[in-house]
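Read through the structures below before going on.
Next come two complexes, and both contain chain A; in the first it sits with chain B, in the second with chain C.
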Partner chain A sequence: MSLTIAVFIQGIVVLALAPLVTGLVRWFKARLQGRHGAAPWLVYFTLLTTLKKENVISESRSWVFRCVPFVVLGIALFLSLTLPIVFPSGGIPQVDLFVLAGVLALSSVFLVLGGLDAATAFGGMGASREMTIAALIEPTTLITFATFASVAGSSSLQDIFGNGITVISHPALLLSFVALVLIVLAENARYPVDNPATHLELTMVHEAMVLEYSGPYLAMLEYASSIKLTVFLLILGNLVGAGLLTTVVIGSFALALFESTIAKMRFFRMQEYMSIAFFLALAGLILIFII
Partner chain B sequence: MTYQQISQLLPSNANARGDETHCQVEPSEFSALVEKLHLGLGLPLSLVYGTDNRKELGTFGVHAVLSIDEEAKWIVISTSVSSESPAYPSLTTTMMASHWYERYLQDMFGIVAEGHPDPRRLVHHENIPEGTHPLRKDFAWNTKLDHAQVPYPMHHVQGEGIYEIPVGPIHAGIIEPGHFRFNVAGERIITLEGKLFFTHKGVEKLLEGKTPTEALPFIERLSGDMAASHTLAFCQAIEKISGVSVPSRANAIRVALCELERITMHIHDLANIAGMGTGYTLMAANGFRIKERLIRLSQDILGNRFWRGAIVPGGVTRDWSKEESDLIDRVVTEAVKEMQELIKMAMQSDGLRERLETSGVLKHDAAIAYGAVGLPARASGVMRDVRSHHPYAGYPEVSWKIVSAVSGDVYARYRCRIDELDISLRILQEALHLHQDTPVAVDVQLQDGSALGAVESWRGEILTAVHLKEGKVERCMPRDPSFCNWALFAELGPGNIVPDFPLCNKSLNLSYSGTDM
Partner chain C sequence: MSLFSQNLLFASLLFTLFSGICALGGRSLVFHKLSQGLLLVSGVLGMLASFKVLLAPQTVLYFGLASSEFFPVFQLDPYGAVFFLLISLVSFLSALYAVPYLASYQETYHLQSLNALVATFVLGMQLVVVSQSPMAFMLGWETMSLASFFLVVSDRSHESVKAALLYLVMTHLGAGALLIGFLLLAQGFFFADFEQLAALAASAPLWILSVCFGLFFFGFGSKAGLVPFHVWLPEAHPAAPSHISALMSGIMLKVALYGFLRVLLFILPPIGATASLFILGFGLLSALYGVLYAVVERDFKRTLAFSSIENIGLIFTMLGVAFFAQSQGLEGLYQTALIAAIFFAIAHAIFKSGLFLASGLIVRAVHSRDLEKMGGLARQMPLFSMVFFVLCLAAASLPPFAPFFGEWIFFQSILQNFSSQNLFVTIVLILTFAVIALVGGLAIFAMVKLFAISMLAEPRSEAAREVHEKPRAGELFSVAILAFLALGLGLYAPTVLSLIGASVLVSSPAEITVGSATIQPSLIFWLLLGCVFVVWILRRIFSRTAHERIYHGWDCGQPIDASMEYTATAFSAPIRFFFRLILKTKKTLVAQPVVATNPWITTRTATVDLRSIWMDYGYVPLGRFIIGMAEQVKKIQSGNIRFYLLLMFLTLILTIWVAL
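Up next, the complex of A and B:
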């Protein structure tokens, strides 16, 4: 299959699927909690409605504020087009894992700048929390990626999947996989790090940073989070060798189940969560040299 | 310390009326006497309120109410301050419990508490012109005020890395308006201050000149979730003034109504604290569903969703039939049992317990100093409950016990609610079947005078002071428990981190409307 067609098809699939994944997680959560729940496809309509709404922009902001939604959505698009997620075994351009880590960090940095730019108390609060989390999660991300790269003998995701590497290929990857799940939860502002459904200004992380955005900009940022969640779910799915639909359904269900059974962690215990992730990742890396 | 011994400390003009002892002192001796009783003997300072007696006596009255819990008695110490320059030495210089009351007096009557450590405005915001004192008799309730710009400074902390978070008055959730100002270092709260009274409705002013029957709907709507308790406190004061004794069946139904209210709101709080406060959303989704059943029960029995409209001066509007009692018993028992199952499951979650424990600690000493009331006080080891210390309605007839804890954190308050839920159910079941098929109301021949009505609502002690004159309300101060407890935030907030504040807030669940009046 030619590169262009593969990228095109993958882009369409991921972009079309992303709101559904968010909707499915919400729907499963509602069902698990005994609520009727909104239809999983409601997210499409919400995005369209938000897109049509007026853009209310604070007067005390700079050009950064306007630029953030484009950068964040751009990065989400980049991820959806360049990672081997729909066609794991080939057809997608080579992306180095460390480029991926860098791009993710760039997205965080811009979200933080967006939060800070309007100079509201909540934006600053969310930004400071996001930076704390990002700083704690970064080393774990790099070590986890390094472990996968060592097993595959290449730091390109395409080679990893192309060589048929899954979690069971090497004992070290089992540990790294768990670390990766913890990273994915933190990266996507999910429990126990952040509460995606919170209405409480004082507890928000991701939502606090995007609090000043409205209308089309808000739609872009929300769409970007949906895409990011979908991309990560698909990567995890590929690592356990599950197909696209299985991943979407089982993945959203597992996430909903997880979020329904626990309480959000106290913010000052976050370092324990991050330490667990870090040492799992580190143990994985060491294991490669032992075995 | 017995009442006999305490009464020797009171001036010679002290006279006892039922469970209240009234005495009059000079403004200069006022503070010293209250201090002797409150700090010296440890009598809780339950209320400080003002009256405008300029027409009759040419003075303003300031009244301090203290409670002798052991003997179910109240002591009311009054003083008269001149109408030209109304001032008296402040109680707050030594007694924390009076700090809001005196700021309230200053705004509403223009009575100055000299030496008050924090003489800022309380009820009036920036827009109210200087010299506006709405509870003075010569202030018409429909006065249109000019817009003013009077500073209302809030506390600031300065230093490197300290920043301020203003929250509200409009919040992200569906709650009432209140402004909170956090000074934080990173996530750690250094100071926390609230600015309330955004929904000031002038209820006290509107009550004046109304007959008790006309006043009742205002009292019932003071704070939506404690309609029955507020009404009961008001009716008890009216009945005390008029020397009416309420039939036993009416007292039993009054107990049932207050306990129904308590059960409804405890279920709400248990769901809200665990569900919305910590993000353990399963509890919220199911707890609110269970609470809705009780609200619908109110709709079925009373025709409204807030346990309103049943309690009237002299008794209750109508008796409940055997079928209705059985229906209430069945619905509530089922709801409580289901909630208890949920709580059992929730309490096994380490993550949830971890969030609740050690958050928002209210120390025992602080609870006493601030004059905290109700469940938050009991969770900090203050063993006070109006139901046992000033027994009213049918409570002496039912068996129950006071619930308390010592740790004073969110978990202690959560545990107390769990225990009270169980006890409330048993009180309700007993009260429903007491004195069935006997009269439920007597006629009230209104007399002149003043009295206090006290009720332990689910939120804490309601103390309503009523002055009647020629069958009309001359002055009525329905003091909501929230008025005493709002200031606790300044005490239990600092030291916690900002993301845990909503949890502390929900564990107190105070009323904005009841405070703002």
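Up next, the complex of A and C:
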């Protein structure tokens, strides 16, 4: 029974915090770049306003187009409920690292299909790029989480985070932690993989895919990506042993600082980024068995 | 054992034979329907027989001549029953599909011979699985190979004949290797059955065992489509009619797997670490090579064929890990990896048959196998596209479908054996894990491309704009059953896994130990579905659903048409670029001036040609070498009869000298 309550509280906390995280990242980024910036809680109002707007549906679309927002937000909800991120013992024990990787891939697949269904070149381009990133980051995700699982002695995420395994207590995990940071950047369409703020065709990945969505559907997709970012930041926070609020504030600041100091990579150089992440993760996994 | 259930197996084979005979009755559609109906009965009987064996352990169904010399030549043991069930299931559904499907191809195919050959093909596969002696096995094997050869040429086009001849050469090299392997093992006993063969193998010297292993690996591997013996597969599978492709890809490859495992588990003594690493290496190579080509391929059915190579590679990887674990004394990993391989094989038979059956409907709708001519089909056949979507998600190994749980149990068992004492074992397992994870990611890409380019967006050709031949009830039904099974097998994965455990690992208890990890597919499925449902409810509460408008897409001020959207080539371009060292492409750009005097205004055509490194650097030079050798040999053909007599005499002396 207590597990059910923990799951619900955790879900509500993550759902409530998610827009704030996105807002904080934007606000910190504006400050770091010398702009005044919008208030961090503006995102709540943006989402509510978008929800009330008219839903414009493309003429060339099939049933897939309408499924996408529901599945993507549903999976984000699934992540926020089942992963042990707020309470160490929260979450559902049967959700292990393979289910996590599979569910993340499922969410990417639906986004990609939504991008392609509208029959525009923009959507296709974003879809092709997102699919490449998702396909090539999946092995890295599996290997990195397998490293944590090997240290914890169990593949269940509950055991990994519940046992208080952090980079500080296990310095050998440092390589895998760096790999995980690279995964988080790629999964959440952040610099240097994607630029979340522009609508330039050269830099768009995520934004290009959701270009045809408007009104409530757009709000759902935006909310889903906020939740995903929050979940990943909380996973990173758990691994350095930071608390919930510290993670949200410091994590958003670190992301904003990182994004303000680095340039976006050209998409056709992504294989370097992906190879670095893959081999870092592989080295991290081999490392814990050598030492 | 009651008389009825004994006769079940025999009746199943008999009905397959009747189906073949009935097909030859005449040109009228009645005979076509009757023949498929008999095949349906045979499938039902076969499924009943296999369930009988599977659900009651220690049961063996047999039939044969009463004479003690040949008894029992044909019997169905629990291990064979797994594959017999697959053969019966897929042939049942393909017969159901063929009734309306072939009716629309009466001009293209010669229905009488086609149906007779299908029945022969199924009969051959059934014979292979129930055979208990090498000779009966080879009889079934050759029946299957020859029937499928004629099925590949059934549309009598130039490409099909070329593909079929390549297939014939490869399959006979393989069959030759198998025959030599069996004869070497039998050491002169022509009619030894598998049990006697196992006894002989136990005392055979190591070099004979090694040579036999190599021959069996080549024989079964070439039939299963392992790289580098796979060259026939992407040519032959697409060339056949779609329900034949489903039979070939869905179950003929599994029959090869059956043979390989029959030899390794029941005949040869446990193979060593070297041989198992050999299997593992070829498995990983096939998986990676197959998936990369599945991503970049533009032909619908060839994509599926390459995806089959990838899946067979995965299965052989699992087998390689299993036997490697056995040689290292990791009994738990051996069992789970073996069970995972068979589970994945079952899942593959289901979803790949479904995809090939679906491909037939799509190809008929747009009159082309080219992905670049498809698109927009989801709006014209929504129900079919949903079923096809489920099959694609299953093929991409995404949760909550069966292949995902096949991979899950394999990954899980590897993960728990990382920390073995031996560092070499750890490194092998980690590298396998990494490569399989990479293959898994790319497999998603291939399947998303297949679904999205064919079904979504605007139609890319006139034929796809208005589809006249929509899927009919029987066709849709059989594809839907397979999609449903792909989901059901995933949800009931734990039950199925323990059933397989009981049937394959006869010597050990059928408990699957994956350490502390628990598998609860239905929990994950219902949670996912519940989350989506909650989102659906919330959206109804928080925003008005009627507040919407249909409008054209964002067009940058210029009307958009189908020529602007992404194609299969463009969609897979990043992967083609990132893996350009493996995926050899030949890009040619031809610029032709519109007016001869003005070189600046030109029409450009670009072609991207996919090359196969195995053909370019392996088979084509080898073929040239053999033809060159033949030219040399021709020199002794002087036309002088006395010289020929001399040659025959010398051969005779040489043979006698070798034999004595």
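Note that the second predicted complex is superposed on the first by the 279 of 291 C-alpha atoms of A that agree within 3 Å, B and C clash if a C-alpha of one lies under 4 Å from a C-alpha of the other, contacts with A are read in each partner's own complex, and residues count from 1 in each chain.
Here, contacts are C-beta pairs under 8 Å (C-beta built on N, C-alpha and C of every residue); 3 or more make two chains touch, one makes a residue touch a chain.
Bear in mind that the values here come from a model prediction, so they are computed numbers and not experimental data.
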item	value
Chain B versus chain C as contact partner of A:G124, first or second or both or neither	both
In the superposition, chain B vs chain C on chain A residues touched	C
Touching partner for A:P192 - first (chain B), second (chain C), both, neither	first
Partner chain(s) touched by A:E212 [first = chain B, second = chain C, both, neither]	second
Partner chain(s) touched by A:F267 [first = chain B, second = chain C, both, neither]	both
First, second, both or neither for A:Q33, with chain B first and chain C second	first
Shared chain A surface residues [contacts with chain B and with chain C]	121-122, 124-125, 128-129, 267-268
Complex interface listing, chain B residues touching chain A	163-167, 171-173, 186-187, 274, 276, 278-282, 285-286, 289, 349, 351-352, 354-355, 497-502
Residues of chain C touching chain A in the complex	376, 378-379, 382, 385-386, 389, 393, 396-399, 404, 407-408, 411-412, 415-416, 418-419, 423, 426-427, 430, 433-434, 437-438, 440-442, 444-445, 448-449, 451-453, 455-458, 515-520, 523-524, 527-528, 531-536, 539, 542-543, 547-555, 560, 562, 564-566, 570-575, 577-578
Complex contact set, residues of chain A against chain C	51-52, 54-60, 62-64, 69-71, 73-75, 77-78, 81-82, 92-96, 98-99, 102-103, 105-106, 108-109, 112-113, 116-125, 127-129, 131-132, 134-139, 142-143, 146, 149-150, 154-156, 211-212, 215-216, 219-220, 267-268, 270-271, 274, 278, 282, 285-286, 289-290
Chain A residues touching chain B - in the complex, by the definition given at the top	29-30, 32-35, 121-122, 124-125, 128-129, 191-192, 195, 197-203, 259-269
